[in-house]
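Common to both upcoming complexes is chain A, partnered first by chain B, then by chain C.
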Partner chain A sequence: MLRVHPAMRGIVTVANHVAGPADAASPGRPHTVHRMREHTVEVVSDSGEGAQKCSQIFGAVSAKMGNGVWTVEIIPAEIQPPARAPEGASGNRIRLGAGQVTNWGDDTNLVVAFNEQVLLARHRAGALARDATILLEDKWATDDDADIRDAWLQAMREIADVGYRVVTVPMEERCLTLVDDARKGKNMFALGMLAFIYQRNLDLVFEQIAHTFRKKSDAVYARNVDLVRLGYDWAGAHLDFRIEITPEPNDRPMVVMNGNEAIGMGAIASGMELCAMYPITPATSVSHYLSEVFERFGGVVHQAEDEIAAAGVAIGASYAGKVAFTITSGPGLALKTEFLGLAVMTEVPLVVVNVQRGGPSTGLPTKVEQSDLLAALFAQPGDAPRVVIAPATIEECFHVMTTARRIAEAFRAVVIVLSDANLATGVQPFPRPEVDTRWHAEPADLSAVLAGRKPYGWDESTGLSRRIVPGQRGGMHTVTGLSHDEGSKVAYSAGVHGRGMAMRSRKIAVLSSLLTPPTPYGAEEGDLLIVGWGSTKGAIEEAVDRARAAGLSVASLHLRFLSPMEPGLTAIFQRFRRVATVEINYSDTMGDPYVTEENRRRGQLSWLLRAQTLVDVDCWTRVPGEPLRPGAIVQAMHDLMPPRGDA
Partner chain B sequence: MPSDPRVHLALERLAPPIADFRSIVVGALAQAEGFVASVDPDDETRVATARAALGPFAEGRIDARALVALTAERAAIPAAYRDRLDRAVAVLRDVLERGVALHVVDVPSGTSLVAAVEGGLARAGRAFGAVLAVELMKGGRYRGEEHDGLLDQLAFRSWTRVERRFAPPLVVLVDGTDLHIGGLADFLDGREKIVLVVRGACPPAPLARLITPRTLVLQTVDDAGLEQVANSADTAVAAMVPDGCALFLHDPGLGREAWQRMSIWNMPRAPRQSLGGMSVWQMEEDLRHLSALAAGPVAAGESTPRAGGAPAPGAVDALSRWLLEQSSLSPEEPPMREARS
Partner chain C sequence: MTSIAKPLVRHKQSRTNALGLTIRDYEGGMSTLCAGCGHDSVTAALIQAAWELDLEPHRVGKMSGIGCSSKTTAYFMKQSHGFNSVHGRMPSVTSGAAAANRTLTYIGISGDGDSLSIGLGQLSHAIRRNVNMLYVLENNGVYGLTKGQFSASADVGSKSKKGEANEQSPIDPVLLALTLGATFVARSFSGDKKQLVPILKAGLKHKGFGLVDVISPCVSFNDHEGSTKSYAFTREHEVEVVHTDFVPLRREITMPETEEDVAVVQMHDGVSLRMRSTSEQYDPTSRDSAYAHVRACQARGEIATGLLFVDESGRDMHDMLNTPPTPLVEVPFERLCPGRDELEALMERYR
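The block that comes next holds the complex of A and B.
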């Protein structure tokens, strides 16, 4: 029988799923198997209770079993937030699908919550479907502390009006039969329950546990396996439902990783040899990953004393003949500003990965935002044109590094790769890359410099020049951040300064000329075109599909190159009655006090597009500290849809 | 490849400098292939290469053909030299394909050790010749009659200072009776590393005469110390000798004086009969030379010099006192005052 606490009588409802045949092979009580195209589950706990580990293992196993997966971390801003506080909720949302899953979806269907306060956090965030099933640790209802019992009752009252189906689970009680400290066991118990519910292959689960705890002792592995079995058996004996999401056939070999791992692997695949960094959330895990594996491929991770030094080291390494990269997040990008100017002026190739988070200042270190676009383009005294590229998927996080390195090298330019916290921590399977050795940079050409060749021998029409690296015979020259001529001679004359500016700017125009116009998703023309960039692609395109299915004439366009901007946008925009951006950054809302059409601060891409195309590009932006939900975007599409007759 | 397990052990220990050499060749090959592509009249090949180099992210987003038109420098070399360019690439590939076997020399019994080492280095040195040939072609300075020889063998004596810093390490399997060492000194330059794996009986201290201030010299029976050989910043030579030989290490990093740099673990008695053309007297001389290098300064009150290692406690004080006495700087007897009086 399900154990239902007296305080929850009246709020326990039965999920209204389509029932399938019972699975006779499973243990315990009879249960109904619900066959679905997709399902979303969250595991939430206090920080330090391992909900993330549980979710990561579950997500990886699901991907290995062929399901589409997208995971999003639910993570507090503090390293050690207070226990049993809604603000401290830590865990993951995992959206599973029969086919590819491109975003975290709208609502969660199943929650495993280690206490009622973290459950409240998700409830208050509007994250849960109204018919969500909640597996909730029940020990707090009978806790010795009256305040805790009271908090439990308050929480139950708060969620009582929603149609959640709450199933209490004696997680701690059961775990204590195997371990002394249940805080270090519940997550594996929860993993066992999920493995039962979603019919995961236990051998794969154990393999993944072995991988996850590969640096721990055999005893730790064995204990975790026992805990998983405990959770699995408990679920089999006490739950009356299971979920089946049959993967679509796919014979392509797949890999599964998060965006930061993809960036690290992409850096290796692109032949980069130096990553200089200073730890900053949410970028740091790129260097964590690289520091484990980079040396095997001849690379070095250099943790500098600060963000500025990290940029300096990367520039120095690039100057010496390779293309190095540095990784950071918003506040770090601000600190690197002066050195980025030096790299632009000296035309030292450099790749900067900026994993965006909420800002300004320390802002929201662990939360997603797309607020660094304008900073990436313009935050620089003087004119310092640089290339800005934004990958839109985890797969693109891998491949963008090769393209970024190549552009940096060919154009002697600074290339900023704008990722974000959603891509950084999200996990998604994608086809295994077929690595090509031609992705690697050629080694520095140290042959003698031909007579007459200058260190900035700009081609007059393109601004491109051939790089001279230290050690080349006949290539000796000074390198300076001062304005200089082709021979790298410091020169303050107006003509020389202007020419240098023109040459550096022209490279961006040249790159623009090489870019192919993008293709809208959904339709080539229509009423509304949504323009996005970065990690919102999956949510926007799902929203387009839903809106078009509902009869809306809407399409989307997702940009990867933001400087230079992809060509042909004006012509594309003119085929739609209204154009608007959807972004995770701040914009004023018309109707807010003092906000007028003239002074309105707009979404960052919106601002750029208006300047670039002279089209009246509107925007719908939010800064919720979490990824956008496709349902919310669909609603925005309805709101943005031009009225009939509005040309 | 010789089956002697010591050869494989030595190759394992020399893996870092072998990797250094191979990385140079890999880099040179990539550059040479890039140059071949740049002189290749086939635009489609150049475009395909450029497209691949941009990676899958750029597919459908960047026009690789236009990029090639803008950025690729089309090099020109005389048609007559095109085959030399291909040959240079082939040489580099061949050097890489030979793998570690390139770094092993088996000296047939009764033949010249020095000639075998010279041949081994020249074979590997073809890579340097090929690199130079490609560079000359890039710069339009290749002259057939003058430079064609670069692609055959490039003797060690022709290597530049930079090339000697990336010299290919060698493991040399040689009979103890053929250990005529003197000529090896010519190859101990830059960062050359040579490990001799000695077959059969051999003189007790064959490497003693190779000791110079900047050369790491090791005699060992097993792989002890070979890691130091591999990681030495300077030139190094080692011999894996049979039991009963002198076992020592001369490590240039350990001090300015010879006795500070010397460590001797086994000093055998002088042999009683000649071996492989080495007279008893020569072999005794090698041992005496070794002892002399390891002898520390004579401390006051001691009749014999101390062997390598730190001076005995009090020896430094005694030596200082003796020096003061000799220079008449002792405070008890101020020499200058005496001179004036």
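The block that comes next holds the complex of A and C.
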């Protein structure tokens, strides 16, 4: 039956899309099935209560059943934040769709909350749709502790007028019939409820549970299965609605993973087998994945003593004939700067993956931001040209690693891959990559070096040269971070120094000449062009679709290469009346005190584009510590629209 | 590094080693360090050690950071590969190179600034990791390239050229290494080639991290009266506590197996070390004994030298990482990368 605590009388409202109050008498009662194109669900709990496991399994099962899925983690920064505190809310948002889902959407339609405080956190964050359905643990309303009962009442008052439909659920009470500690069972009960509501295939749910808990005992699996059934049956007996999102037919085999797993698997596919790292959020899970796989296939995950040493180890391994990579986040990139300069100067191939988080300094360790773009390009005393690529989707996280390795190797260059916390922890299905043997890396050429070949025998027109690795006979030289000539001989003279600079810089121009111009999304010309990079692609393109449907003349352009820039940008920009970037980083807003057109600090890509194209590129940026919502971008598009008659 | 090429003149009567190379073949460019610099003597000892060990020059990686000491990789083994990296970071670069190609011989040259100040963390962790390399720390108590500031190894009371006394307590690389679990710890003096060469040879043959702290006076900034890292002070206060003979395989038969008060340590490749302590209580195969003895010498104002501690049974970085015996650089892609079928299988998990 639908349990409504007395304190909630008058609060429970019925959302438009949900059927009327439950018929408490009949357990096998009919359910109204709502057919949807998409629906967004969240599971939130205190940290440690397993909401993440629950929603990860739910997301994976949904993807396997053919739904489009995008999941975003809701993570507190602390490992053990206080219980029943809004700042400790932990869980996932999962956006389900009939077709492909490219971003986390605007707001949540259904929430499972393990206490009213974590629910408040999501309410206050503006994460919930006004007509959202909330499945809320009810034990707190009648808790022995008067403070808790009081907190519950206050929370109910705070959310009373929104229009949510609150359904209280005796999760704790039901779970205690099976387990002694309900904290270790509620998440599976919640999974069971979701499986009922979204009509998930229980066999797939159990298969996913078996996989998730593969390192635990059979008893753990059996208990979890029982808890899922308990939640499923409870929902069947007490809820009056179900939701159906029929997947669009899709014949292509798909894989489901998060961006860090995709980077890890991409690294393996690319033939890089030495990863040097120092633990840092949110990048570390890449190395967890790799060390598991490398244990079976060889290769080394080297956990260094610090971020600097991790870069040093990668450079050492590349020097000895591999193409090694290191993985980090903002604070780590800051520390690696010294070694990036050495790698550029010595032309040792190096791939650096930077999973961006909020900055500066320690910043927002678990939250998304795109604030390392200029650091990736320029953070280095002296001129140190390097390649910067930003994957825009989880699928691209896989493929970017092969691209990065091949460029690093062919150009003897430093390649920085800019991912972010949104891609790192987001889970999305994508077409299973067909492994191509052309991706493979040859072992280092250790044959004797022909007499006369120089360690930096630069081709005058391209700046390219073939490296010589230790262990080869001949071609002996000492690699050095000092300015040097073709023979790696230290030379301080102006001519030699300038020539080395030119050769290292030319490689970037050569790479640029090999890139194809990007294609705008939505339209080839019009009033407004939005330019983005990295993980915002899905949200920006969805916003373009919505804005165009509403009659706005808007298109978007998404850049993968940031250094060198993809060619043809100026020509594209000239086909639009206004150009603006949308980014998750900080910019001054015109109208803020003291801010003028001249001193305004802009979004990082905007700054770069203005410098490169001389086009007056505006920007709309936010640093909310979460991915951008397409609805907010649509609003920004309205605001950025050039006035009629503006030429 | 800056160096001046030396003409290679071959004398018909020059002795050759097993590879048919003369000692001149192991030399490098002309040193640009100050005349009389201790580092040049260390360079000469390294050349001698490498020649006597028949090291294949192209299979040696000379690794260094920044400083006068780090410049010396240009002055020996010009037929070898080298990497002159950044200040204090040579240990990590060498760890990476060793991880990618474990079959090369890595000789790291560093100084007291490079190792004990800016690079103390990297040195410590290379010791913990037991990276297979010879690590020569050319220790003079000052920053020479920047004209004579005290380094972290300067003794309390030791005076700078301008007469100021150092007040901060020194970091002793030998005691540090013993504490951190180093498996090969030695100290020597650049002015004692007879002692230094066998130690360097033993360090090169040691499986794991071989630390050799060499007191190597700086003639320009730290060789005056009042300095505890001068030639005169070191000569006067040096006490050889262990005398080491390096016994190559081919000579082993002619050497007596055991001898009173001589510890014989077998190394890999069949070579052995014969270590004779000058004190009865001292056991160079006991970490505690070595530590206590070096501390006691220090308290008496003596500089304990010799191969102070050796443990050939330690697990090196590759043992700990469980890496394959073939160097990563030589493993064909098909064997190292899971390959197409295995990748497909891996992805099956994510279906």
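The working rule: the second predicted complex is superposed on the first by the 636 of 647 C-alpha atoms of A that agree within 3 Å, B and C clash if a C-alpha of one lies under 4 Å from a C-alpha of the other, contacts with A are read in each partner's own complex, and residues count from 1 in each chain.
Just so it is clear, contacts are C-beta pairs under 8 Å (C-beta built on N, C-alpha and C of every residue); 3 or more make two chains touch, one makes a residue touch a chain.
Here the structure is a predicted model, which is why all the values come from computation and not from measurement.
K.L.:
For A:V479 in the superposed arrangement: first (chain B), second (chain C), both or neither?
P.N.:
Only chain C; A:V479 stays clear of chain B.
K.L.:
For A:E442, select first, second, both or neither according to whether it touches chain B, chain C, the two together, or no partner.
P.N.:
The answer is both, since A:E442 touches chain B and chain C.
K.L.:
Output check: A:P593 vs chain B and chain C. Expected answer is one of first, second, both, neither. What do you get?
P.N.:
In the superposition, A:P593 touches no partner, neither chain B nor chain C.
K.L.:
Is the number of chain A residues in contact higher for chain B or for chain C?
P.N.:
Of chain B and chain C, C contacts more residues of chain A.
K.L.:
Output check: A:L450 vs chain B and chain C. Expected answer is one of first, second, both, neither. What do you get?
P.N.:
So A:L450 only meets chain B here.
K.L.:
Quick one: classify A:P253 as touching chain B (first), chain C (second), both or neither.
P.N.:
So A:P253 only meets chain C here.
K.L.:
Who does A:K322 touch here: chain B (first), chain C (second), both, or neither?
P.N.:
So A:K322 only meets chain C here.
K.L.:
Using the superposition on A, tell me which residues of chain A are in contact with chain B and, in the other complex, with chain C.
P.N.:
The answer is residues 298, 433, 440, 442-443 of chain A.
K.L.:
Mind pulling up the chain A residues that touch chain B in the complex?
P.N.:
The touching residues are 270, 298, 391, 396, 399-403, 406-407, 410, 433, 436, 438-440, 442-443, 445, 447-448, 450, 462, 464, 466, 510, 513-516, 560-561, 566.
K.L.:
Which residues, counting only chain C, touch chain A once they are in their complex?
P.N.:
Of all residues in chain C, those touching chain A are 1-2, 57-59, 61-62, 73-74, 78-86, 89, 91-101, 103-104, 121-122, 124-125, 321, 323-324, 328-333, 335-338, 340, 342-344, 346-347, 349-351.
K.L.:
Sort out for me which residues of chain A touch chain C in the complex.
P.N.:
64, 211, 253-257, 261, 265, 268-269, 271, 273-274, 276, 293, 296-300, 302, 304-306, 308-322, 324, 338-339, 341-342, 346, 432-433, 435, 437, 440-444, 446, 468-474, 476-482, 490
K.L.:
Going by the contact rule set out above, which residues of chain B touch chain A in the complex?
P.N.:
So the residues of chain B touching chain A come out as 23, 26-28, 30-31, 34, 49, 52-58, 60-63, 66-67, 70-71, 73, 134-135, 138-139.
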